[in-house]
Amino acid sequence: MKADPSGVLTGTHNLSGNQACAEGALSAGCRFLGVYPIAPALEVSERFLQRAKKASATFIQMEDEISALAAVIGASWTGKKSMTVTSGPGLSLMMEHLGLGIMLETPCVIVDVQRVGPGLGLPSQPSQADMMQARWGSHGDYELIALAPSSSQEMFDFTIKAFNFSERFRIPVAIMSDQYLAHLQEDVVIPHAEDIRLEPRRYFDGPKDSYLPFKRDEDMIPPMVDIGQGYKFHVTGLTHDDRGYPIMDEECQELNVHPLVKKIRDYTDEIIEVQEANTEDADVVIVSYGATSRAAFKAMEQARGLGLKVGSLKLVTVWPFPEERVAELADKVKAFVVPEMNLGQVVLEVERCSYGKANVFFIAHGEKGVENTDDILRAINQAVQVDNIKDGIIKFR
Amino acid sequence: MQTPKTNQQKKIQVDSSSMDRIHPMENVLRMDRIPHIWCPGCGIGLAVTAFAAALEKAEIDLSKIVIVSGIGCTGRVAGYVKLDSFHTTHGRAIAFATGIKVANPDMKVVVFSGDGDLIAIGGNHFIHAARRNIDMLVVCVNNFIYAMTGGQVAPTTPLTAYATTCPFGCVEPPFNIPYLADSSGAVYVARWTTLHVRRLTNAFVEALNKKGFSVVEAISPCAQYYSRINRLGDGLDMMRYYHDNAEIRNGEDTKNLDIDFQGKIIVGKFIDRERPSYTDRYNEWLSKVKGGENEPG
Amino acid sequence: MAEVRFAGYGGQGIIRSGIIAGKAAAIYDNKYATMSQSFGPEARGGACSSQLVVSESKVLYPYVTDVDVLFAMSQEGYDKFEPGLSENGILLVDEDMVKHKSPRGNIKVYSIPATRFAEELGRKIVANVIMLGFFTAITEIVTYEGMKKALPGSVPEKALELNMTAFDRGFEYGKELLKKKNG
Amino acid sequence: MKADQRDVLTGVYYIDGDVASGYGALAAGCKFIAGYPITPSTEAAEAFARIAPKGGAMFIQMEDELASISAIVGAAWAGAKTMTITSGPGYSLMMETIGYGAMLETPFVLLNIQRGGPSTGVPTKTGQADMMQARWGSHGDYELIAIAPDSPQELFDHTIKAFNLAEKYRCPVMIMADECVGHMTEKVVIPRAEEIELEPRRWYTGPPDEYIPFKPDEDLVPKMVKAGSGHKLFISGRLHDERGYPVDNEHFELKYVRRLIDKIMCNKDKIIELKEEQLDDADVVVVSYGISSRVAVRGIEMAREKGIKVGNLRLITVWPFPDERITELAKKVKAFVVPEINYGQVVFDVARCCHGNANVVLVPHGGAGVHMPDDICDAILLGAKEERKIEKVIEFKTQLEKLVFKGGSKLKE
Amino acid sequence: MITTFAKGLEKAGVKPNQVCVPSDILFEPAIVKHFGFDYFHTTRGRAIAFGTGLKLANPALKVVPFTGDLMTVGGNHFVHGSRRNMELTVICINNFVYRKIAGKAVSIETPKFSPYSTFEEPFNIPHLGNSCGAIYTARWTALHTEELADSIAEALNKKGLSIIEILAPGPDYYTSISNVNADLVRFYYDNSEIRNDEDPRNVGITPENKIIVGKFTSKERSTFIDSYNAQLGNVLGEKFTPYGIESGKKGAGGKNG
């Protein structure tokens, strides 16, 4: 499916990450934005509103983040691609509805522009400390997809990608941006509408009375219908059977919830994307994602300049985590260096997936500015020198 | 699970003399989910019956109506009506419905939920949707208690009434729901008890045809918890109480509608006015935005 | 170890029966007893059941797996839980409420007109306590003394005496029945 | 400090876990509970509401979970020991303020009776799928303590323990019980008040003008005062310095937020409580918590009958996670078997700490029930048999999964 | 605004060290230290809920929630707090930027984001509060310093939940309390009309009319704690010790140290 030209602002534009996100959403066909204003995510709504008329898009500023995501899920069932934008405290409030989105298997996109936490934290500084929350923040079992862009261009591209994943797997997809990207002005190339590939929603086309909202196709994804088409379906956040009727026992729970996990776990090959550089001969691989990969990439080049065999593994999809690729690399390298703008989250996954075959260095990155490479370089130097494998993560201070 | 028969169920039963005749409510109810979970003597079934009758009377295209419920006994209504129906999270039915209405203004949106769901945890969405005047009908079945979780105090529990989390009597004055709806901006506000089935049905019809945020409060007996904890007898006794104490006062000032424990219940249609809806305002705003002015360069 | 399933419909005091028996075992007989019940909207009005595991040592697995005693006070409860009863189990029924099939394997059936007795005592509501007395006499999972100590505080104070009488009524009926069967 | 006699309902009871926790809270000196009804945790609130007035305590039912947790954070700063009670969906709503509470270093206890999720799920039946949420559910970096009781008696004891930990480390403490334990009725012994040891709040007693709210003691935990006692408190949930004043430089995140984590991590040895059984010569170790640890024992017995050397490790404290202990054990055993009532949560931490030295078998269960002991036994056998090192968490296929997805279930026509 | 608040405290005879301010608006530390009350920067919209906890755990406190996100995120706590009649003096900073008042359009540079979308109609806060049961409602602009101080003083000495709405665009969750947009307040002030005792129903802010300010309602109603003590006293009789009596010594907080 091709993009609708009314939402595509073809050309090269100098955009902040937030603006690029709004453009990406409109290009992807997003026509409903439900938000509650929170720094540093404000500009997404502003941009979206500025372009709403041309693209015939609907906007609502709700009374809080709880209702913002509720409205987005509701809107998605009308057939409109829908999105919400928030930051840490708002994401925390959305946790209950993230679960509802998962349970109703509703395609939608949640953009989290991360800022320093916990609590009110620091609205004006970037962070990557909501990564684990995106994966684990709602109660009950689920899997979701989280993408981490590292530039305005990626913000644009990944927003489209996020919508495609959400339609493909009928799942809320998180875009984990941060304050640094949000306000970074960069050139963004927006292609022609016909060059943008979109995943169409999977609609049910059988007879009206034979529609079962949660009857899965072979690939575990149930087709959808819009409200108002006469299917008269029922869906519930309670554990339900294929008809969407609540049944509360173990068997139904297994039937209902296990596929929610499996529909992602079984398709990791299709979902996971990593960008690698110089990993073939590397002794040390820097694992990074989001804005941090900018520094990671620079550090790799500087280290290469010093004659060190350093590679870079950039996670495009952070969740699901590229377990196998990290385990493979662990066989070959001496150490992983993981810079994150938090106090240790994704590094735990790297530790898990390196199976004791490589050391894992963690750098709580960000102290000297997002793009500063000093700490990473020092960690690489140290990593090269350590020959034995240590128990646990080596915290680099 | 077998549930002892209730008034509601008896009505649904097919007339034995003409077995092949389709029951009039069959096109509105999910017959494959009957029997329902409501207890004997519960009034929710009556409210649903009135609603089903109203749908027919209002001549609404059943494929263009969507019903959203929250959590609780009344929250289960969405599961029993054969319409596009959503059983959402606790308190958020109105927020969810707002998304639907704003994204697809062609739909008739009905929120059918309980007092705890709409007014306690969902109070914020209630007042904001009223302020924005989102075009929807909110049916609030008020049974004065949280019944699904077993009889906790609600923001509608009358003063001094007992509940499990106020074992020594309720100390918080209850909300006057019509007054709250009125002061937040609702355009249609009515209150009836489930004894007033015909008037309740008419209120639903009027509200369904009204453009804007309409609230119909349906006072309903909870025989299992509220009546039992307060020793008020069964569902029938509650109906008798409604019969003896409900007073119809259409057009009454909403501030006079407080309900005391086993006191008088004033019912009627209180508010019926016009205000621009959210979608009207949004479209008006969009129309004012000139072609290029709002477009980034 | 003994596994007991109490089954009936809401309002019969089925859950309460489980609690009283468990309390007698755990507090007054110095055994270990774990009682669990089904909750929720499904538990209202319609069928309801509770399960009790009594053991000499700490109960680890909290649910019944191979039921030794089925305590049935409603037809639906009997129908639903009879298949879970062990081949060597004991079936206790209120004969006014349950029509049972001829038993499988070595299952022993004991029935009592508990509801009728309760009506004779003037309060239908004490049928479960009569059943409890019967249960105590037949199964000996809990002691008579333990049960008599467990009743105060577990039933409304005003109705304690009536409950004590009801319990004895069921207990004696059970003892008689055993005598007849064994003799 | 000993418990107050008026608060302790000494005696022997036959009550369910929820009620036991309500009694435990009162015994621990909890004077304020704000809650909102949610199955299956409501009985704890109801129990507390019944007994609170006699002990001079207050129960208030707030308008929602957001208000409940905000109120208890406020009450804690007014000097009271406080708690709130909830289950999955309510827990999700509380996430923002849990992070805020951690930021303010507020001592409070949160009882989460887990049910089947996600979303509304199965309200009346059990689950253990909020474990990772407890650790990671709020935005930003923080650490807290989570304990998992396995019986009504423990719900009583651990509620007191939770209050003690909260006061000692000035952090939110989660009691992560499950519906099964909350709704299970067993004997609960409530001791005499003088047998209950309570951790007093760390009061600051110096001159009011010299009080610095977030200046840590040697164990990294700062002292507290009561609002309204003349200290001119300035307490911000924003990133702040020791005085509580907001700072606008991320540099402080490292300096300040790190202490929130360090105060738990550096005291890990004192916090973590494990129960170990037959680990000395074990080939396989079952790691479990909450109700699963009771259920697992049956599977373990079955496996032992088949001659397998199985040890049992029960996590009483789940967070902070006993990294070192698992790493140590991994070097000696062939496999860990982790039965959880979820599709894999704590098992990932077990796998992480193994460092490839032992295999890890997950025995999943979606909730609304507990494991079949046969499954756990079979998983143990699988772990004992497997000689290769497998670089992946091995997901054991349970009988239920086979039944539901191979067409044996009545749900699949 | 804070000076006005301090003046109000003084007029009411309330010592700052009895006062506790939970707020979702950022105060400056220097202000707090200078005036000497206790201040908590709470999560957005939760100042009333937070204050409810403070008040119940220590009923001797004078709790004054200062809130900006009250009517959006915190709307629910506002209506329920009013209904309970929790003893709180709620100062509601109204951040909404009124695009047009008395037919005149705002020509001043305004903040980018206001609590509602620009095309929505705002709440009539005094009316909503009054209808939910608040015992005192008033509205002033930040420039009505004398009247505001009087209202604060009056409200502080009332038993129950009072609401004072202050039209003061600028300060919010991210920017400090001193950050009032002076030009905009001046505009509001110039286009306001004092109408004390006006029925709150009629004080909604509309583009056509002047902003109506004043003290609108003042009534008596049993507070949450009073109702609690009365009801439990009735039911439990002698066994019950009233909660929070004797200037709060019996409150849940216990003694310091």
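The chains carry the letters A, B, C, D and E, assigned in the order they are written, with residues numbered from 1 in each.
Definition applied: a residue touches a chain if its C-beta (ideal position, glycine included) is under 8 Å from a C-beta of that chain, and two chains touch if they have at least 3 such contacts.
All values reported here derive from a predicted model rather than from experimental measurement.
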item	value
Other chains in touch with both chain A and chain D	B, E
Pair of chains ranked first by number of touching C-beta pairs	A-D
Chain located farthest away, centre of chain B as origin (C-alpha)	C
Chain whose Cα centroid lies at the greatest distance from that of chain E	C
Chain with minimal offset from the mean of all protein Cα atoms	D
Centroid distance [mean C-alpha coordinates] between chain D and chain B, Å	38
Rounded Å distance between chain C and chain D, as computed from the means of their C-alpha atoms	36
Between chain B and chain C, centroid-to-centroid distance (C-alpha), Å	42
Residue numbers of chain B (touch at least two other chains)	87, 89, 120-121, 123-124, 128, 148, 155, 168, 278, 282
For chain E, residues that touch 2 or more chains besides their own	41, 43, 72-73, 75-76, 79-80, 120, 228, 232, 236
Contacts with 2+ other chains: residues of chain C	40-42
Complex interface listing, chain B residues touching chain D	71, 87, 89-91, 116, 120-121, 123, 146, 148-150, 152-153, 155, 164-168
Complex interface listing, chain E residues touching chain D	17-20, 22, 26-27, 29, 32-33, 36-43, 46, 49-58, 60-61, 76-77, 79-80, 228, 232, 236, 239-241, 243, 250-254, 256-257
List of chain C residues in touch with chain D within their complex	18-19, 22-23, 26-27, 32-43, 59-63, 150
Chain B partner contacts - residues on chain E that touch it in the complex	72-76, 79-80, 83-85, 118-124, 127-128, 130-133, 201, 221, 224, 227-228, 230-232, 234-236
Residue numbers on chain D that touch chain E, as the complex places them	31-32, 34, 53-54, 56-58, 60, 62-64, 66-68, 70-80, 82, 96-97, 100, 104, 203-205, 225-238, 243-246
